[in-house]
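You will see two complexes here that share subunit A, one where it goes with subunit B and one where it goes with subunit C.
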Partner chain A sequence: MSDLDQAIEQLRGCRLIPESQVRELCYKARELLIEEGNVVSVDAPVTICGDIHGQFHDLMELFRVGGDVPDTNYLFMGDFVDRGFYSLESFLLLLCLKVRYPDRITLIRGNHESRQITTVYGFYDECIRKYGSANVWRYCCEVFDYLALGAIVLGASSTLEPTSNTALSSMPADSELETESLNSRGEVMMSTYRPRQRSSSDASTDSRNISPPRDISAAPGQAAAPSRSGAPGTGASGDGNGSATTSRTGAVLCVHGGLSPLIDSVDKIRLIDRKQEVPHEGAMCDLLWSDPDEIEGWGLSPRGAGFLFGGDIVKQFNHLNGLSLVARAHQLVMEGYKEMFDGGIVTVWSAPNYCYRCGNVAAILELGEDASGGGTVARSNGEYGRSNGIVTDNRVISPGRRYRVFEAAAQDTRGMPAKKPVADYFL
Partner chain B sequence: MATTCATVSPEAKKPNSITINGFRISTQKLPILKADPIEEMTRKLGIAPPEMIFGDNYVAIEHEKGTWGINFNAFDALDLVDKTGQSMLQVAYSGEWQKSREKTHEGIKEVVKPFDWSYSTDYRGTLHPNARPFEPTTKPIPIELLKRPDPILFFDEVILYEDELADNGITMLSCKIRVMPGRLLLLTRFFMRLDHVLIRLRDTRIYVEFATGEVIREYVSKECEYEKVRQMLAATRDDIPAFLRDPNRLSEILPVVEKRSERLVLGD
Partner chain C sequence: MANGTVIRVLSTLDPSTPHTFINPNKKIHESQDVSTFLTSKAYIDIMTWVLQLNRSMFPLKAADNTIQTWTLKSDAIQYSAPVRQLQRLLSKLEDIIQEVPPDTGPRRFGNISFRRWTEVVESRASDLLNECLPADLLNRGSPDEGATAGTELKSYFLGSWGSGQRLDYGTGHELSFLAFLGGIWKLNGFPKTDPGVEERAIVVGVIHPYLELVRLLIKTYNLEPAGSHGVWGLDDHSFVPYIFGSAQLSPAINDNDLTPEEGSLLNAPDPAGVANAKVVERERQTNLYFSAIGFIYDVKRGPFWEHSPMLFDISGIRAGWGKINKGMIKMYNAEVLSKFPVVQHFPFGSLFSWDRDPNAPLPPSTVHTTSGPQARPVAPDSGHPSVAATRPMPGAWTQAPWAKPGASTQAVPSMGSTAAPWAGARREGVPGSTPSGATRVPSALQDTSSMRPGPIAPTRAPWSAQLQSSPSQDGNADVHTKAPWAK
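The block that comes next holds the complex of A and B.
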């Protein structure tokens, strides 16, 4: 068994690895991450996860519900550390898995992956407590600086394969499964369907001169060969401006926080010099900090820093970039996930019973692989949008979305706040 | 789009309670609110509730004879938060942020729904609609009696709301209650620390002497600029970050800005 496999075993048991090994791990991780672009390109199938916040036992529950690495392809949208009691174990395990299976797990940066925030919200203190010095905290912070800022998921299927226990008879005729929410036992809690009538007659109303008929019932093995214009993760693109290429199902952009008024195309994210502490302003800050809100256009947070963005902004951004969905984390939601703006954006939250007291459930989002054989279809993103500036309602089809909702793990009680408060003689 | 919904029925959890000497004390602790109740609360309040909103939680004291009672809940506390934006604070790096923003996005000027996002409240509890009002007093809560190690028959700690101020500190409203054979003490504490800006503590204490039916309500508000507190601590050997997270210790050094005491004696 290699050292790395051994470290993974040890960390899975919630036992830390020696400082020297952490140093080596962080060094290897940095070498790996430096090769990744600001926006990593990920092929479906993939399971998208939100905030973890050092809740190690719940991360184990997440793997139980979603499958293990490398069997399942994972994308974590940041905020691995702070708040919970096991930031070190959680982050180091994810990092080990990243180094061991670089193509099966993607880590992007959250606003908590920062020196300043971790000194206030627990990770720094935990490193001092568990390792006796700030060395490990420093190694980890160096890794944070190399984490990607976002990811693009390509080749997701527009429809879900019904789960085995979905009563097919309950599915409305002429429709297909669009979203489904399952509990941790795999039972269907909620499903939504969309009409199957997405044939070429639909496409005829499409003013754009793009060809792929949107008939998802098309026979597999169609001619459209994958012809992605350059690997999006590298920024290399064949047509000069395209990068977020779309499949018939639009691509999915994953970021921790949200959009930025400085970023109108995915390519602009690629131009950021990301290898630094999270700044207090600018595009990089916005991607990690901003929130969607029920407003029009852009707004300023009443806190005096930070942006809020409305549904029109998401719609336009998705349209210009050939995206069907923005997946983000960053905000606690009681149900584990929350779609907004007609499904144009979703918040995924993966820390159940947040801070060991909120009683919320968590969720992960599974995007299936487009098995219809078409794969990705090249299209220069942004071109038509920029030239005529008209945002039409011709959206690409959103991917089929399966949410797996889970509760907090029954954890051992070491270091946990007592469930029943201890009576004290407060005054 | 067709939607089918299999709702999960929440566990029917009974509130904790104790009845003693003609008083009934009860508490309820449930998870944070779901999306729909949050939306409803937002509509009723006119402001977005805090990130962690324990809207079903409460602590209540009721007198069995008559109609006196007081309870503490999140909605009523939040209803007292300034909704106009007049007493709005700004995070520490706001100046820096605004300056850089002005250069790049002149068009974006509108502050979305301004309100006091620190959720500062001077909530002192919700009285029963027919309760006799309190009257001002100078009589203090008898601390010595509360320092005695009388057995604690009932104890609970209930969070009403909490917000991380988008990682700029913390704001929290929580209640603690302890019931002894002869008396009870309830402390509702609002604690807000906006890093590098301000620390605020607002305590409401309810004291009930069972034998006499005497109820004393005391409200003490303390606050101080963050930097001043840091300077006070710099001279000590304390672990400053830990100190700044601990409202009990902060309470000992923050200056009082307001204090009000009220009293009431419940008859038969």
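The block that comes next holds the complex of A and C.
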């Protein structure tokens, strides 16, 4: 067993690795991350995750629900640290997995992956407390500077294969499954359908919520053995029934916060010199800090950094860049995920019962691989559909989206620490 | 009395001497100003007031060696008329909650109706204060020049309830309420009594109900912690119940004894009891420390040691509640009064004055208060990003602030030296965990009608002390869109 595998094993058990090993890990991670662009290209299938905030046991629950690395490909949209008790264990495990399986896991930067924020919101305190000095905090902050700012998911399937027969039987004629929400037992809680996509020209964004949220676990014969379609992370597999879909599934931009008034194309993100502390203003700051809101245009953010942006901004940005969806994190959503602006943007939140008290559930988003073959994937280099500034009719179809919703991990497995270090004030 | 030093009591204004009141305003604009604050008269007065209240909560040993404790249900605490009036004031504020039920709309974390609650309180503040405080106290000063005693008190009163804009509450708001009460004390609004008698009535009869009201507000409107070190803070919202509550369980003293620095009251609950739900349920009825712990149990799910590791660590202290009390005071000084995000919006007038305390040492030239929002990001190799270590601690003074000869009524918690009791708080460069943070006095933010609250404590940029202008609304990316705080 290599040192790295051993470190992974240890961290999975929620036990920290020695400072020297952290240093080495961070060095290797930086070597790896420096090679990545500001916007990492990721091929579907992939499972997209939001904020973790040091909730280690819930991260383990996430892997249980979504499948383990490297069986499932993961894309984490930042905010690994701060607020929770286990920022170190969580971030170091993810970093180990990144170094061990670089093509299987993508980490992008959140606004909490910053020196200034971590000194205010807890990660610094945690490093001092657990390692007795700021060294490990410094190593981690150096890694933060190299994390990518975003990712583009390519080759996602436009359709979902229904998870259960019940969902299939309730599917309206001439329609296809667009989104599905599953609980942590793999039971379908909600499905939405849209008219079957025949070609890219008559694609419609209409989606009807045919079946309202319900717990099908009560259905006869369903309770004992919840079904799930294939391996997690590949669950949203391509349309396998041989129909002649030639849909053009738009790419998905993943970023921690949102859009920036300084960024009108994905290519502009690529021009940023990202290897620095998160600045107080500017494009890089906005990508990590902004929030979508029910406004028109741009608005002032109550956070004091980044901006609020409305549905018109998202629509225009997606259109100009051939995107079908922006996936982002950054905001607590009680239901774990929230689609806005006709499905143009989704917030994914992966920290259940946030801060031990919010009572929210968490979610991850699975995008399946388009099995209908390559060649129809919209490259998102910012050139698409922009030649003359006129809206073309080449509308892109959003990918089929499977959300897995989960609750906070059970607490009974966590042992109480043996001794209580005495805080300095009380010596 | 040990070496002639005396505990200081917050001095009161001479009613026969003219006094100029000042409309309180913000003085702490950047993190460096915190060092100036720490040499101000206001700082000395706040710390004096906290220590004065703290001292009063230690159990009292009578001449016949019987011990009188000061539990939350103690019949031995007599409430004066002003204390009862303040209780009325608090219950009127509680009634406003009935008028402004939480919004049932889309669930966000902080409930938008709290904004309405603060607006109602603000609109009625003058009337409420007129009803509950004597007119001659409020009207001192010359209204012609704009400021009266009431002007100053109202400012602290309004700062005590959390931020309607941000839907949060933290120790900065708690501090404002302490200043409100301290201001009334300075204006002779409380009767003169034997040492500690009125003070403990204030703690048990006013501060405890205040904390209960705040907890009700937090639960009703889901108020977020104002600034948060996550699990690494002492408590999401409060600090003073841990000070006064540990005093309640410390060894009994008589009026001439030093304030104990270790040991516990006979039969006091073991500090480890905080991790035991049954003990907490029992003790929260009578003790301020456990009432605060009990509230954590009410709102959090998960292992106590995990969501509240600081309090869990403190529960392992073997040297008793006296030790915990001393540590809490040190910690309050360092993590509340010395932290820019907490004190930045504290307004200064004549009662709590920005003027330099004549006994304060000159601030050293090399002060690094880098934990404040004005600070540049810390360079990767620049060592500890904070300041607790380099900031001059009051203990370095030649004389404890309350130890001025002649200022005294109460005896003497000498430390055996002239150092302040929290003077041991020099630490090895750790910023520590702040239980609170970016507290805003409501007036500090402008139009927020378009603002929406984020999720629980939507992370704020620590440098975003002020929002000054709107970004370009036209969405033209070529426009030079500077962030509003950029000069």
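One rule holds in what follows: the second predicted complex is superposed on the first by the 334 of 427 C-alpha atoms of A that agree within 3 Å, B and C clash if a C-alpha of one lies under 4 Å from a C-alpha of the other, contacts with A are read in each partner's own complex, and residues count from 1 in each chain.
Quick note on the criterion: a contact is a pair of C-beta atoms (placed from the backbone, for glycine too) under 8 Å apart; a residue touches a chain by one contact, two chains touch by 3 or more.
As the structure is a prediction and not an experimental result, all values here were calculated from the model.
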Next item on the list: With the two complexes superposed on chain A, say which partner A:Ile117 touches: subunit B (first), subunit C (second), both, or neither.
Entry: both
Next item on the list: Check the residue A:Leu332 against both partner chains and state whether it touches subunit B (first), subunit C (second), both, or neither.
Entry: both
Note to self: Output check: A:Glu126 vs subunit B and subunit C. Expected answer is one of first, second, both, neither. What do you get?
What the structure shows: second
Next item on the list: Go through the superposed model and pick first if A:Met190 touches only subunit B, second if only subunit C, both, or neither.
Entry: first
Checklist line | Dominant toucher of subunit A (residue count), subunit B or subunit C | finding: C
Next item on the list: Determine, under the contact definition given at the top, whether A:Gly54 touches first (subunit B), second (subunit C), both, or neither.
Entry: second
Note to self: For A:Glu277, using the defined touch cut-off, is the partner it touches subunit B, subunit C, both, or neither? Pick first, second, both or neither.
What the structure shows: second
Next item on the list: Answer with first, second, both or neither: which of subunit B and subunit C does A:Phe307 touch in the superposed model?
Entry: both
Check: Looking at the overlay, does A:Glu142 come into contact with subunit B only (first), subunit C only (second), both, or neither?
Finding: second
Checklist line | Partner chain(s) touched by A:Glu178 [first = subunit B, second = subunit C, both, neither] | finding: first
Margin query: With the touch criterion stated at the top, can you tell me which subunit A residues are shared between the subunit B interface and the subunit C interface?
Written below: 111-112, 117, 119-121, 125, 261-262, 280-282, 289, 293, 295, 297-300, 302-305, 307-308, 331-334, 354-355, 357-359, 421, 423-427
Checklist line | In the complex, subunit A residues that touch subunit C | finding: 53-54, 82-85, 111-112, 114-117, 119-122, 124-126, 128-129, 134, 138, 141-142, 260-264, 277, 280-282, 285, 289, 291, 293, 295, 297-300, 302-305, 307-308, 312-313, 331-334, 353-359, 408, 411, 414, 416-417, 419-427
Margin query: Show me the residue ranges of subunit B that touch subunit A in the complex, using the header's touch definition.
Written below: 1-6, 8, 30-35, 38, 51-52, 85, 88-91, 93-94, 96-98, 100-101, 104-105, 107-115, 117, 143, 146-147, 149, 152, 155-157, 159, 165-168, 176, 178, 185, 187, 195, 241
Note to self: Using the touch definition from the top, list the residues of subunit A that touch subunit B in their complex.
What the structure shows: 111-112, 117, 119-121, 125, 170, 172, 175, 178, 183, 188-194, 261-262, 280-282, 289, 293, 295, 297-308, 331-335, 338, 354-355, 357-360, 421, 423-427
Item checked: Residue ranges of subunit C in contact with subunit A within the complex -> 107, 109, 165-166, 227-233, 299-303, 305-307, 309-310, 312-317, 323-324, 326-328, 330-331, 334, 341, 371, 375, 377-378, 380-381, 383-386, 424-425, 427-433, 437, 448, 450-465, 467, 470-477, 479, 481-486
